[in-house]
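For reference, the structures are reproduced in the following blocks.
In the two assemblies presented below, chain A is common to both, partnered first by chain B and then by chain C.
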Partner chain A sequence: MNKKVDLLKHYLIQNAVPILFIVVSAFAIPISQFSGTYLVQEMLVRLSRNSFLVLSLLIPIMAGMGLNFGMVLGAMAGQIGLIFMSDWSVVGVPGVILAAIISTPLAIALGWLTGTILNLAKGREMVTSFILGFFMNGVYQLVVLYGFGSVVPMTNPAMVLSRGFGIRNVTNLEGIRKCLDNLMPLNIHGIDIPLATFLIIGLFCLFVLWFRGTKLGQDMRAVGQDMKVAGDAGIPVERTRLIAIIISTVLACYGQIIFLQNIGTMNTYNSHEQAGMFAIASLLVGGASVSRASIFNVFLGVVLFHLMFVVSPMAGKYLIGEAQLGEYFRVFVSYGIISLALVLHAWRRQKDRERARRSLRGAVEE
Partner chain B sequence: MAGIKKFIENAGWPRIIIGLFLFSLFIMAPFVRVRIDASVSDTLVRFGMNGVMVLAMVPMIVSGCGLNFGLPLGIIAGLLGAVTSIEIGIPGIPGVLIAMTISLPIAVVLGWGYGLLLNRVKGSEMMIATYVGFSSVAFMCIMWLVLPYKSSNMVWGYAGKGLRTTIAVEGFWHQAISDIGSFSIGQFFYVPTGMFLFFALLCWFMWVFMRTRTGTAMTTVGSNPEYARASGVNIDRMRTLSVILSTVLGAIGIIVYQQSFGFVQLYMGPFYMAFPAVSAILIGGASVHRASILNVIIGTLLFQGILTMTPSVINSMIQTDMSEVIRIIVSNGMILYALTRTVKVK
Partner chain C sequence: MALEPLLNVRGISKSFNHNKVLKNVSFSLEKGKILGLVGENGAGKSTLMNILFGMTVIHETGGYEGTISIEGKKVRFASPFDALEAGIGMVHQEFSLIPGFTVTENIVLNRESTKYNFLVEAYGDRMKTLDRDDMDRRSREAIDKLKVGLDPAIAVSELPVGYKQFTEIAREIDKENTKILVLDEPTATLTESEAEILLDTMKRLAALGISIIFISHRLQEIMDVCDKIIVLRDGEVVDNTTPDETDIMSIATSMVGRDITTAFAGKGDREGNLGEVILQVEHLWVDMPGETVRDVSFQVREREIFGIGGLAGQGKLGITNGIMGMFPAGGSVFFLEGPIRLNDPTSPLEAGISAVYEDRRGVGLLMEEPISWNIIFTSLQMQERFLKPILGGLIKIRDESEIARSARDYIDMLNIKCLSENQRVQDLSGGNQQKVCLAKAFETKPRLLFVSEPTRGIDVGAKRMVLEALRKYNDEFGTTIVMVSSELEELRSICDRIAIIDSGRIAGILPASAPSTDFGVLMLGIDGREKKVV
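Our next item is the complex of A and B:
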């Protein structure tokens, strides 16, 4: 009996974050007065839109590099591909494929850069990748705001600022809007299901499952467990970490392209910033931690996080009469969740370390 | 030649490049018809405005807690003090003093909690500090709407409640500290003597503190925790103390900043405020584990110099505003450099 209670306790603590979210949503949904059909439709759209971006975070976690805040670099690469694509006015699915082809080498290069830098900063990968995101945001702005149209030739004047160079704040992606989602239209009881996008996401999940079993995947897990032991066992640690980050960056790049083809417009200078934060918050809401994440966490997280996202402003409006409050609340929740997950992880790690040290001293104390 | 080599080695390439960049901006300024005296004056004012917040980095760096990306927590304490002081409505120096007095206990309490948290997450302080800063700013966004401030200078006109995003301190304590003994030479050159004196006073306090028993213990905790433990220093207590000190300085720093700037920025205003302070001290020669008062002064001058000079000079030169991009690249590049260079202790 006692054991059962213990197990339950352990389960609750392990999944505290998703449970908290389910409870809050359970209260907020009725207050927000949204219909069930609307919410289901909305969640399906958001699943197809965001899952790929969130999935791109899985592999670095496997390699013990924590949450890859550097995924925004991948998102930037994807956006540059999209800028070229819309400049050349390629529309529809070929456009999406073209954008992916253009941005892949860029994403590989950026991933290589991230990986190299993170290998210099072992033990503080997260904060370094986080700052790297900011830094590359500056470089991205330099290139897109000053380089495009002056150094890099642009053919479509509608995309360029009136001064003759630099891309406009908003890039219109009308040509590829929902082209992937509507490739295989499926409608059940008035709910549209973007089947093609889900197929791609499904394929990618299979890829992750397959990848875990490969030699490289096993190496990554070994590196994630303990870099030193893995190195002694003959695994090229730095190279493995580099590959993990490159894969993540390239996938984030595709994820951003899928995300933006659904939205249909791109905030040239902001879209990538949000990509990182929302993806990471979603993953953590799904019950993942800095060192452990599964595909299930991804989908659960996207649904729960975006449920909160849709519901909270309206709930705030009906409850307190102020939509702005709900807006701030959801900003607070997304940052708060990341903080909480980071703290819990670091705390656990420190406890483990202390326990290991104590066992070395001999278990006299405590 | 050897001397130069040694200097380059000590200063590090990024700092020299930034220094040369700033120097060339000053050289170019007259050719593109930017007034040198106005630029120098602007740099000085911004140096005074930001100095205290950069100084706030020092205690946490020396105690081994790393760069204080959680500075917004201290800033929030300062903001609470500032808006409460405006609510009370006393102008001039007493107004500033009231703001500081109110923010002090808030900063101590917040810093204490923040310190306890950071003690539980040794080794990943910086990432967590960043997110503690972010979430506290987001949390305060809710609070600014809800807190029962009434002064018509601060709340939204039509609703009669909820604080505005920017609140003018004009008519309360605008430049109250700056103007103590301040003077102008010509039309464009203004020296905020009071603000410098105040900054110098805090720097002096910090300098003295670092040489007291507690200060030395704090440095030991940062540079060699095992030695500190063996000498009977309570590591966690020292770290908490350093975090409190840093938070308090952040609170005072933002009040100094506001009285010179003229506005209290609420809501998302403090969101990114830690980053300029962090990169300033790094440009000044500090690393993730080592920092001195001199680093603070040099770093703030260099960093604020670039922030002041790039918009005016580069704008006049190529008719485009690239200052924002340069700011992002310089400040984050500097942080990145520091993070990848230092060898991890333990």
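Our next item is the complex of A and C:
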């Protein structure tokens, strides 16, 4: 009996974050007065928009490098690809593909940079990649604000600031807006389903599953659990970690392109910042931890996090008469979730150590 | 013998910074035989194995002299991977397993069976898919050779220690070319029944033609399974024999090497001098990395000098650290009448227990502060001595003249070589630093003093001085002392009784006057199950 209670407790602790979100949403949805159809449509849009970004986080977690806050570097690469694409006025799906082609080498280079730096900061990957994101943000701003239009020639004057160089605050992506989502139109009971995007996401999920079964995937899991043992067995630890980060950065770059083609406009200097924070919050809301994450966590997390996102401002408005409060609440929640997940991770590790310690007393020899 | 030995080691010498740790070591090992390698800590066993296994530390310190040949071919390994290539498998004391992987995944780690797919053309061999069926088949095969009931699909983190060991051995067996298997203290962490299974397994492997080098402190095991026994002492082979030609006692004697009949330095009758039980430790466990204490119970009488000895890593240091609250601990400790709260460093200090730690630079001393400060620091913090009230008792300030006077007393008493009490501790020699540590502990006027490895890393003259100071302090102030040391002779020279710790448990407690062979027997776990308590 006691054991059952113990197991239940364990289960609740393990899934504390998603459970908290489900409970809060359960109260907030009726208050917000949104219709079911609207919410389903909204969730589908957000799934297609965000899933790929969140999925890009999986591989570094597998390699034991924690949450890759450095994914914003990939997002930056994607945005630079999009700037070129809209400058050259390539539209539709070819535009998306062009942006991906331009940004891939950039993402690989940035991923290599991140990976090399993280190899120097083993055990502190998260905080290092977090700060690296801030630093590269400065580099990105320098390049986009001063380099574009002066060093890098721009053909479309509408994109450039009136002083002659630097990209405007908002980049218009009308040419590729929803081109992927509407590639294979599907409408069921008035709900639009962005089938092509989901196919890409689905294919990528299959890739992740398959990847786990490769030699490289196995090596990443080994490195993720114990670098020293993996190294002793002859696995090239640093190279494996580097590859994990490069893959993640390139995928984040594609994820950002998919995200922005859905939105249709790009906040030139801010879009990438949000990309990292929201993707990480979503993944954690889905029940993932710093050291363990699955595809299921990704989709559950995107749905729960964005459900809260959509519902809470309206719920705040009807409840207190102020939409601002809901807005405040969702920002508050996304940071709170990240903190909570990190604290839970540390706490769980301590519990594990305590359990290991109990076994130290060993079997009493009789 | 007409047959070329599988492994032939000739004239190996190795020094670290002019310190010769191996001198002209030679031995040979035939196919399918088991070689037992025994020796005290620091006898050179690990260095010898590091050379054999091509560890990079050997190269970084200037290589070695002598030759190693395998199947008649001379080899010189630049890295462990070369040694693996040549067919040497090693199972270290620390497990080299990935906890979250299954037994199978660990056995085939980095040698997984793979299948081709088209992405290999673009991205290289690491994109090959794993062939789980073949991996399972291989791990089953390896486990079958061991004849142990090991489930290949279970995660290693859920296995008991003994089975982790089997997983490692199975990994070495799965390597097709493994000819020589080095097992470094494989039984140290095993229970008796697990150890028996392991010994059976070793015999079975030898029958399959794999040669084994078996390192163990448990001489009975060596006698049971080995075909040849090599005893190392101070880097030299002092005995090269077979179990038929020798017995445990003579191995123990050649290992220890000191004159075992050395009479116990008489200390007169102290028995009448001892008081009631002052410290009672029951079922203590301590989670100190590398010095795990599993289940230790003992009693110390007032005015006694109680010694704790044993080989490195068996847990003797953990006892002091656990009681003093430096590492997570459990069980119960009673001092005088009251219990000591474990995991709370202030509790033993308040009760009148002080400690001098083995790590004097890290824990014991404030290196950049003067001698006087170091000596009075704990007393000032814990007992609020060396303070004088000013402004009608509103605040207290340090009483500098009292501090200086006390420091000078100790400098005289312990003969600390220094310029003045204001000299910084980091400028002192190791022996003098150790004396400052003692002075600091003495100054708290403890009822009970723990001293860990008081003579580690200091020269012979200073050693004697430190031991005499302890002895004198015990005589004059009647302070009970618990001394932890790796050096048995040192313990025997000043202690009343000595407990020997083995695998985190007390192997036995003997009076210091007992012959040192008896202590050796306890240390080496020859009859570890039978507890001798005086």
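Just so it is clear, the second predicted complex is superposed on the first by the 346 of 366 C-alpha atoms of A that agree within 3 Å, B and C clash if a C-alpha of one lies under 4 Å from a C-alpha of the other, contacts with A are read in each partner's own complex, and residues count from 1 in each chain.
FYI, a contact is a pair of C-beta atoms (placed from the backbone, for glycine too) under 8 Å apart; a residue touches a chain by one contact, two chains touch by 3 or more.
What you are looking at is a predicted structure, and each value in this text was computed from that prediction instead of being measured.
In the superposed model, A:Phe84 lies in contact with neither chain B nor chain C.
In the superposed model, A:Ile235 makes contact with chain C only, not with chain B. When chain A is checked against chain B and against chain C, the one touching more of its residues turns out to be B.
By the touch criterion defined above, A:Tyr335 lies against chain B but remains apart from chain C after alignment on the C-alpha atoms of chain A.
Once the two complexes are overlaid on the shared chain, A:Gln350 sits against chain B while remaining clear of chain C. With both structures placed on the common chain, the touch criterion links A:Leu132 to chain B but leaves chain C unconnected.
Once the two complexes are laid over each other on the shared chain, residue contacts for A:Phe21 go to neither chain B nor chain C. Once the two complexes are overlaid on the shared chain, A:Phe278 sits clear of chain B and of chain C alike.
Common to the chain B and chain C interfaces on chain A is no residue. Only residues 80-81, 96-101, 105, 109-110, 112, 114, 125-130, 132, 191-192, 285, 287, 292, 294-295, 328, 330, 504, 529 of chain C touch chain A when the two sit together in their complex. Residues of chain A touching chain B in their complex: 117, 120-124, 126-128, 130-132, 134-135, 137-139, 141-142, 145-146, 163, 322, 324-325, 328-329, 331-332, 335-336, 338-339, 342-343, 345-347, 349-350. Every residue of chain A that touches chain C in the complex is listed here, in rising order: 210, 213-216, 218-219, 221-222, 225-226, 229-230, 232-235, 357, 360-365.
Residues 69, 117, 120-124, 126-128, 130-132, 134-135, 138-139, 141-142, 145-146, 275, 320, 322, 324-329, 332-333, 335-336, 339-341, 344 of chain B are the ones touching chain A in the complex.
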